[in-house]
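Note that subunit A is present in both complexes that follow, paired respectively with subunit B and with subunit C.
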Partner chain A sequence: MHAIEGYVYPNHEVFWGVLIVVYPYLVSIITGMVTIYAISEFWRKDLKDAEKLILVATLPFVLSALLPLLLDLGQPQRAFEIYVTPNFSSVMAVFGIVYLTELFTLLGEMWFSFRRDIVIYAKNEGNSIKRLVYRLLTLGVYDISEKSLKLDHRIIKVLTFIELIAAWCLSYVSFLFGVVKSNPWWNTTILPVSFVFGGLAAGSALVILVYIIACKIYRREAREKVVDTIAYYLFFFLLAAFGLEMINTILYAYKEDVAWAVIKITASELVIPQMIVVIGSMEALLFLRFGRNLRGTAKQAIYTIVAISVLIVVFAMRWNMVIGAQLVDYSLRGFIGYSPPLFGKEGLLAAIGVLLAPFAIMAIVAYFLPPFPERKMAPSVTQPEKHISVDLAERV
Partner chain B sequence: MKHVVRALALFILILVVFIGGIFVLNSLGEEIYPGYADRLMGVSGHYGMDRNQKELLKEPKYTGKEYCRECHQKEYELSEKGGHKFDCETCHGYGGGHPPKDMGVENTREFCLNCHKPVLGRSDYRLLEDWESHGYLDRPCTVCHDPHYPWFG
Partner chain C sequence: MAHSMITRRMFLKSMVTAAYILALPSTSSGMDSVYVFVIDSSRCIGCGACVRACRAENEVPEEKYRTWVERYVVWMENGVEKVYVESPEGGEHGFDEVPRPPNLLRAYFVPKLCMHCQKPPCVKVCPVNATWLNEEGFVLIDKDHCIGCRYCIQACPYGARYFDEEKHVVDKCTWCYHRVKRGLKPACVTVCPTGARIFGKPDDEVIAKRLKDPTIKILKPELNTKPKVFYQQIGWEVW
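Then we have the complex of A and B:
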């Protein structure tokens, strides 16, 4: 079997570049954030403080999940064609339906949970353009009685349930990109599970990061209970993702058939991503285990480091899957190298732009829908009506 | 209750517009979508530009024998006399853009041996059974054979 080494079929090349790494990465982050939101909605009431922030942070990621695909298309003006010609026998066409379900349930959730704030802003906002936006957002209903808010909460629960299912289905594209290539390395049954857990870890890490940063920006104290609870889940998500990933690699290194390809490629071409996965996961798990005992700023610093390293680790996992699977030749006797170009549609700068786009959109969304109720409302131009003159801070 | 009804109505409106758009675009045919969007972007054909148009845009590379005849009458007639009757571009490379561009020549031993070495299924050529020792091994065949008329006498 190993008589010929370094043999690559002549038409073998890397078709999916760094942009296709970014795409499953963004989608897995969405899965994780939605799951944390569902946890706070159904089980852990102590995450209430971060609930609106998670919604505000999820929407930009859902909106920009399509960006890498648009950039990857040779004819982007035909992007709408996937919706014009629905086709249930194509997994990628079903993605459109799942994606739209996710987007609309998220928008619904946002509207129902921000409705009270929107109504108050529509009455009190000084800036006339902003007030017009809020008035349009109220859809003409200014009823924020206890009864209607209770109904809102019930609807949010139903929407969260639908959104959770859609988000987990959405993460199938994460492993689809590995499986479609039908490379023996990634043609394994534990792959979907390992990738959902990777996404959950990345999403929870991003929620921690955004929460700590947003608390700094809004000059309020980050609640230790919130960060601790998310970190508790993050520990187990990361443990599962890392464990399954390692089992996968070790299993194939142990099995004789693809041992050469896997060992050689992880020892040379993928050595940096693999090292990031192993060392980064170990570091994050250790910090998560012992960071719980710290207090105050030290704890926040440790959790920020953990969150950033988990995000990098999951990116390296996605890199291993999308790029790594393409590097091994179908002959299993050779592999090729890949380094992304800097410029151009498929380049490194475009990928960085796509990764930063959600944060730019997040600033716009947070401008209109502040995730934390402000302590002091803006001085009202018109006298507010009686039933809405409640200080927002009291609800927290 | 009123706000839920309004939100639901808005959602259904968006859904109807979206699905209606799909049906309308589907029934209008490919000339409208993606045809119209393609024309705005300046592309045509299923895979971007029409492939015939794409080929026509390319500069022609190979010019043919008659193009060479306009200046190199002597070599043309000499090569027509023998059994080769090759196009000049077989050995000299493509002639597109030649008057300013310099022409090269392929006169290595290996190039001639491509046909004159005994190869299975090529019995009709003048074969060199002693190709491994024939002539000067370190010099091209054209030292002894006139490249345009390689027959002695």
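Then we have the complex of A and C:
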């Protein structure tokens, strides 16, 4: 039994636990990663080195995004009903369609991006099982002529555009909360906007982190231009997300209406996540501002700290949004406490498992589709242009 | 070929006919066919018989409530009205006496239940159409279809829905639809010793008279949910 302050309706409890914090968190990360990929595809060619890695890293997050929802459902075996008997006035039902759009455009994008590599592996791979996998992945198309690769690239651009829209629409998951007009915490116009910027920040931070770690694993040098460019965007995304969150809180404080009276009390339950948001954001912004002046390992270390900080900050923002809002009773006369259970399908361990699942899937995806294939094909990574694998590295 | 062609005259004629049919008022969805609930809080004595009857009739799990009773105590302090609200165990076992505050203005009981809104936010958010508003104005749940996402619980501003931990689906007050279909009144209405709860159609004599009371109120009107539970004799402090 959780602590109760003031009066709450007898049926009131925290109905959506830590898993529903993880759910919009994963969705946020997807939005950010896809946006960075689109920036690379359309505007910043200096991010080319991380392009395939972003795709390899995004797919596991998209595949895992439904996991927390499924675990949270009372009747998960009926989840497919969202597609069979959808109620299109429900944000959750529409989310199902947006999710599938995102998944299929990403799969298409990956196939066209890796098609050339897949064909080469299908022809040259020594391991018979892997060769079979690659042959299946070719879908029977072995044409990697200059002309067909040019067409591939045009298709990738179209798919990236569609995927970018789908990813931003995925952030529309915040409307899932925003449309609940009875909850003063969710019922604000700022929420969807701050949600998107929080997602952009988290996704950018994850790309930096994965890029630095992947470069270490593949024993190649992380290009400063790549991390600097993403860090540049991350600074503004985080600034916007943090600024909007603060504006929202200050507005509540200033208006001092009935809802604020309860939220003020609830703030005592949310001191820790609030502090994480404020201190973490300021620390990350400061490091991002001065990280550019550093070089080599120091820069990587600073950016790694920033990336981890931003990921924690955005998680705390999601915690405040999902859990914080539910602490307030709809009678607006009291609030309840919440501490997640450790075990069970809605417990902390399950949530940690869901958060780690994308990284486990990422290892599998990267095993079959190496994001830096030149190393696989060539003995040296420092001067790939001198090797036969150059055509793999320099996609059309 | 010429005979099978639709002339402009025929086309316009059929359009006018279709527009006329669409513009006709629907008789089946008129307000007279739906049920409403009227609660006179001045008659409620907070005995909790309604909550107990509801639990027995509908096998409501322990610590969950399809209906509950709240007590309001309002007093004056420095020119400001102070409000104390409680509902111990949903008022199921009645209420203990509370110390009488100085400058007491009013104290009364308010039964609460699903409002069976005409614009139910719970129905709007259900992703699989497992909950719906029927022609008689009942908001019902198909428990064999509910996926247990709890979105409807979040959307209900009246706290009327709960999660059945045993069946892993959402549940709530149905105004005892199964009884009403057999010509009976809801269990809570039947057992109320003071007649604080009245159930029927808006044109029923007693209900029509009560609805004419200019002090009658609905809860949280600003949310535009159009609830069909009407309250008599409650103060501003009830929402």
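Note that in this section the second predicted complex is superposed on the first by the 356 of 396 C-alpha atoms of A that agree within 3 Å, B and C clash if a C-alpha of one lies under 4 Å from a C-alpha of the other, contacts with A are read in each partner's own complex, and residues count from 1 in each chain.
Everything below uses one rule, namely that contacts are C-beta pairs under 8 Å (C-beta built on N, C-alpha and C of every residue); 3 or more make two chains touch, one makes a residue touch a chain.
Here the structure is a predicted model, which is why all the values come from computation and not from measurement.
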item	value
Which superposed partner A:Ser148 touches (first subunit B, second subunit C, both, neither)	first
Which superposed partner A:Gly140 touches (first subunit B, second subunit C, both, neither)	first
First, second, both or neither for A:Gly108, with subunit B first and subunit C second	first
Contacts of A:Tyr37 with subunit B and subunit C, given as first, second, both or neither	neither
Which of subunit B and subunit C A:Gly96 touches, first, second, both or neither	second
Touched partner set for A:Thr85, first subunit B, second subunit C, both or neither	both
Touched partner set for A:Pro10, first subunit B, second subunit C, both or neither	second
Which superposed partner A:Tyr233 touches (first subunit B, second subunit C, both, neither)	neither
Touched partner set for A:Gly74, first subunit B, second subunit C, both or neither	both
Dominant toucher of subunit A (residue count), subunit B or subunit C	C
Residues of subunit A that lie at the interface with subunit B and also at the interface with subunit C	74-75, 78, 81, 84-86
Residues on subunit B engaged by subunit A in the complex (per definition of touch)	1-4, 6-7, 10-11, 14, 18, 22, 25-26, 33-34, 37-38, 40-41, 43, 48
Residues of subunit A that touch subunit B when the two form their complex	74-75, 77-78, 80-81, 83-86, 104, 108, 111-112, 115, 138-141, 143, 148, 151, 155
Residues on subunit A engaged by subunit C in the complex (per definition of touch)	7, 9-12, 15-16, 69, 72-76, 78-79, 81-82, 84-87, 89-93, 96, 176, 179-183, 326, 329-333
Subunit A contact footprint on subunit C (complex, rising order)	63-65, 68, 70, 85-87, 89-90, 112, 121, 124-130, 145-151, 153-163, 167-170, 220, 223, 239
